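These are the structures in question, set out in turn.
Next come two complexes, and both contain chain A; in the first it sits with chain B, in the second with chain C.
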Partner chain A sequence: MAILDKNLSLRNRNKILVGVWEDEDALVDAAHALVDKGIHIHDIYTPYPVHGLDRIIGVKRSKLARVAFLCGLTGLILMVTMIWYMYVIDWPINIGNKPVRFTPSWIPVMFEGTVLCTAYGMGFFFFWRNRMLFAVKNDLLDDRQTDDRLVVAIETVEGMNEAEVVELMKSKGAVETKEFQAVCK
Partner chain B sequence: MIHDSLIRERLVTGDKTAADVTRDISRPILNQPSSAWKVGFTLSIVFLAIFGISLFYTIWTGIGVWNINKSVMWGWDITNFVFWVGIGHAGTLISAVLLLFRQKWRMSINRSAEAMTIFAVICAAMFPVFHMGRVWVGYWALPLPNAFGSLWVNYNSPLLWDVFAISTYFSVSLLFWYIGLIPDIATIRDKVKTKGAKYWYNFFAMGWTGSTRTWARYELVSLILAGLSTPLVLSVHTIVSTDFATSVIPGWHTTIFPPYFVAGAIFSGFGMVATLLVVARKVMNYENYITIGHLEAMTKIIMVTGTLVGIAYITEFFIAWYSGVPEEQYAFLNRAFGPYWWAYWSMMSCNLIAPQVFWFKWARTTPWFIFIMSIVVNVGMWFERFVIIVTSLHRDYLPSSWVMYAGSLTEIGLFLGTFGIFFTCFFLFAKFLPVINMAEVKSILRNRE
Partner chain C sequence: MGHGHHIEIKQETFSMPAKAKNFTLIVMVIGLVLSGIGIATIDHNTNGFVAVSAHHDAHTAEAKHEGDHAAGSAKHEAHEGHVASSAEAAHEEHGNVETEAFGPRVTYTSQDKPWATRIWANLLVAGYFFTMVSLCGLFWYAIQYAANAGWSSSIKRVPEAIYTFIPVPFVVLLIAVFMGKNDLYHWAHYEHLHLGPNDAGYDKILAGKAGFLNTPMLFILPSVLVAIWLFLGSKLRALSLAEDSAPKGDTTNFRKSIRLSATFLVIFGFTISIVAWLFIMSVDAHWYSTIFGIYNFATSWVSAISVIAVTVLYLKSQGYLGLVNKEHQHDLGKFMFAFTVFWAYIWLFQYLLIWYAHIPEEMMYYQPRFENHKTMFLANFFINFAMPFLFLLMRSAKRNSNILAVIGVMLVIGHYFDVWFMVFPGVFGNGITIGLLEVGMFLTFAGLFAFWILNNLQKRGLVAINHPYLEESVYHDTGV
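Then we have the complex of A and B:
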């Protein structure tokens, strides 16, 4: 599976039908209605998280939790290896004949290393998967989609009755409908 | 079907819409700074200068300019370190623990509390770093090969655990804060007009569009980060407490330290959050977002944690007597009735007795009173650390080593100076970033059941 989510870019796509809502409940109803009609919603852009939308438009549950677990495991192994190398292999110190292997005093550093690797590893894959990088520019379908408007994007496909889709969006409370075609560089 | 709650009190008052939230919260960023901001910022810079001068004098002349000595080898420095780390903890508690408990009232205050965490940890880190004396070899605290001049670091030492704990805590808090900021930075990006501002907000917004796919992952990541931060914040102050508890100094060598320190940290942190927010909500006109309900919830936490800390003080005293160890008994009697009695009783009255006023609704809902109480809490918690550190050290095992200790002008300057660092960072944050999490607040405008 490619890590980068290609759905997030609006470049190199067919014309996109855009519907703009100002009310969250109306949008959820509209999304249901569109999906029921067999229309594939490409994405919905909202200024705040609207719970359940991802399921409606068919976004699969993210695997980031598993990634986080693996990153944490890596961190733990790294830390154990580090302490083992320094304390047991490279420079063992005899402190009153006390054991040097896996004493409880290793735990804090092992724990902190695990947490650090989990957080940053997961963060790294989160940014990668979401196509997020400093200074990346993405197309906005509406000037206010990060402010107060909720925007539905439907990619046109051959045989789609565009007028019907637009009409459905309007009847379900869209305050504005428009078309969007990304300019390819 | 989702319904609007009829009985639950609204978290955001004033019938705000999403557009109102954007307008209100981005106002300080989009407009010229207010005169209150300018005055506050200038004052912070003055304190920052005091820090710079004191630090320069410390490094240039040597650690001898502090009044610490062979008996009291930790004085104001480690007191201040624990004080600042403790303050930082409320930020993580609000953003992580309250997220796990689905406490939605946290949404108006988590951003500033997290910012506070980061700035407080920066202030805290100054003290152990410069207490090393020869700060230019400070990198010896890192696990570097022997060829760098030191042996491998000592994994049995809580001071090393601190190096890992504080740096992890700072890094993870920073990531948590930044990920939380991205949607709001994008909102600002789409509002600013000047070219420079557009560039920088676009730079840090990382191409955020508010896609449902991204939001779904974002929420998952926030949840996992909250799940990570919760044990992390407990571990950090536990480790700070083991700096003391693993020693054999009477008064430090107690197993109650970790929970007692964590409770104290949350207590002092909420004190600082209350100090900042009571002022910020007034000056920045955020009374509809940080409502009396928010202040009341915070005061309840202050009261509970203050009482927990108080119980810990009393338990310590009881255990010292019950242990039958004369050194322990002496250490505690000396704390309460020895030469530093004033510090002990300041601590007791500020931390245990004073917060009990929050049993009264008037006290919980009157902002100016909460502000005063929050200062009392902060003073009390500073004294707590001072009491723990100085009273335990100033009576050494040999009476010939008994000394008295008071911070030198440089130490006082460094402490006051860290307020300069803290508030300079906070004022810059309030000018350039949204103080309230706009995206989260927009999601709770409707009073859902």
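Then we have the complex of A and C:
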């Protein structure tokens, strides 16, 4: 049994069972069958999007939207503070006799700052959460999962009949199955 | 969802429920009754809001005559020489005389029934708004083809039905402009004076714009443009119909539709601004805003998306459009959200450019609107941006049919008000209110519009059964 030295955000760092599919229709049926058996699918890696898989295996709604909101709020506060300090406190200038306080000319800066921080913040946190912040690490369970194979990863839990799971995967069209032992790093 | 779960695609035929028929007719009747009461209660000594006394003498002679006396005063007073003194007094009371760069906002009349100005102005707003909304239905249809969008092919009959309404409000618009031209547009009135550069009351700006802002142009150019839009629209509609009866897998009609849509989009982009300039911006003929065309587009486009969303939700609630699910509804909500923000962006930036530059003659658009009708000005922002923005930000609101429908209706009302607010302070100056006539006029047209859409939907199958992307639309998924 191969040792898994890859960080896949496993829950318990147990052994994982891997099934490889060639056809997405068969994969969707297999995912249904596995979930119906009460088996928790850790993740499915596909080279192209397969619609509906996220719902079948119960992927939770992304928290990216909340992160985006907080980033935007940060940007807004940052910009208001910045203009307020520059324009009101530090160096008030008479421009076209406009008042030295909040004026409509602040709005574009506030808007752009909000958008900038949201965009960069979302990018940063997305890559950070996906462990891709500085470089893409080789996390492939099967070399062909970025090419034409669809890979299912199931983390074993206590009391799971592993042989039965492997048999189910094979009967549902898995062209290959393998096992990895996760290690704690 | 999955490919393993096939959804059967079958044709649906919509028949308008008696309830819908009655409802739209009742809305129309209520609208007509309110309009009638509104018209009956207009004070005949006013132009609808502001007191005038009617003079309809020979304009030229009078203008020239009074121009001699008004040498030092604002030149406009001269060319609008038959201005009622009571109107001027009323304006001076409001203290906005000196804020008008080109003289006081004078209220004048050139017809026997000055009070009718309010009727024509209301018809102008209703006609213009519903023409533009119907046109933006066709714009929706065209961008779906041009962008090769698949998800919307299951609802494409709805915008197809919406655009067919164009001729009805456009005829109303032409009638309103024909009847009330001289009171709605002071350039049209100025045109009759035939002043030369040496005459008193000669207006350099209006004279400079006369090549574009003149009566033949006002009627002929929009009519030509509407004819072009309708021609392209009917072509697209014919292709869509041909596709229904063509053998499955035949993409000839689809490819032709893409080319035609792209053509339409180019024409649309140039022409929608022209219509906005001619009918709405020319109400304040001395003023101009380079962003005005796109501002009008934003207003009508958000309304058109809302109309599409509300119609889809209605059909869905009646058990039609079996292929449409929460995913499509969610995307319609996103469209509404995105262009609500777009509208607010344009709305603000039109103001901002003028605010930055601080040029007095550019202020004349905002002066009667922001200074004298502040509540309406801010209400416009809240109905059309703040309220829908906060609701549509939530995923749950976009996926809730009732909330989305209410916001859709609010947006249509809000943007009708937006157009109303572009026109009325320009025509009447101070003292405008929303009366029974305004409410009634909106209800009449809204009821007619709803009836027209639903009636038109009956005429062909609700599902574009041979659309090459229909299956993509069926399995459309915006994710968890």
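Definition applied: the second predicted complex is superposed on the first by the 163 of 185 C-alpha atoms of A that agree within 3 Å, B and C clash if a C-alpha of one lies under 4 Å from a C-alpha of the other, contacts with A are read in each partner's own complex, and residues count from 1 in each chain.
By our rule, contacts are C-beta pairs under 8 Å (C-beta built on N, C-alpha and C of every residue); 3 or more make two chains touch, one makes a residue touch a chain.
Since the model is a prediction, treat every value here as computed from it, not as a measurement.
Overlay on chain A: chain B and chain C clash in the combined arrangement. In the superposed pair of complexes, A:24 makes contact with chain B and with chain C alike.
Looking at the shared chain after the overlay, A:32 reaches chain C, while chain B stays out of its contact range.
Of the two partner chains placed by superposition, only chain B is touched by A:140; chain C is not.
In the superposition on chain A, A:96 contacts chain C only, with no contact to chain B. In the superposed model, A:59 makes contact with both chain B and chain C. Contacts of A:84 after superposition on the shared chain: neither chain B nor chain C is touched. In the superposition on chain A, A:108 contacts both chain B and chain C. None of the stretches 202-210, 274-282, 418-426 or 436-444 of chain C clash with chain B in the superposition except 202-210. When the two complexes are superposed on chain A, the residues of chain A that touch both chain B and chain C are 24-25, 53-54, 59, 62, 65, 105, 108. Considering their complex, residues 1-4, 348, 351-352, 355-356, 358, 395, 475, 477, 479-480 of chain C touch chain A. Within the complex formed with chain B, the chain A residues making contact are 5, 7-8, 24-25, 43-50, 53-54, 57, 59, 62, 64-65, 68, 82-83, 86-87, 90-91, 95, 103, 105-106, 108-109, 111-113, 115-116, 118-120, 122-123, 126-127, 129-140, 143-148. Those residues of chain A that touch chain C in the shared complex are 24-25, 28-29, 32, 51-56, 59-62, 65, 96-98, 104-105, 107-108.
On the side of chain B, the complex with chain A involves touching residues 2, 17-19, 21-22, 143, 146, 151-153, 155-156, 158, 160-161, 164-165, 168, 171-172, 175-176, 179, 182-183, 186-187, 189-191, 202-204, 206-221, 224-225, 228, 231-232, 235, 239, 242, 438-440, 442-443, 446.
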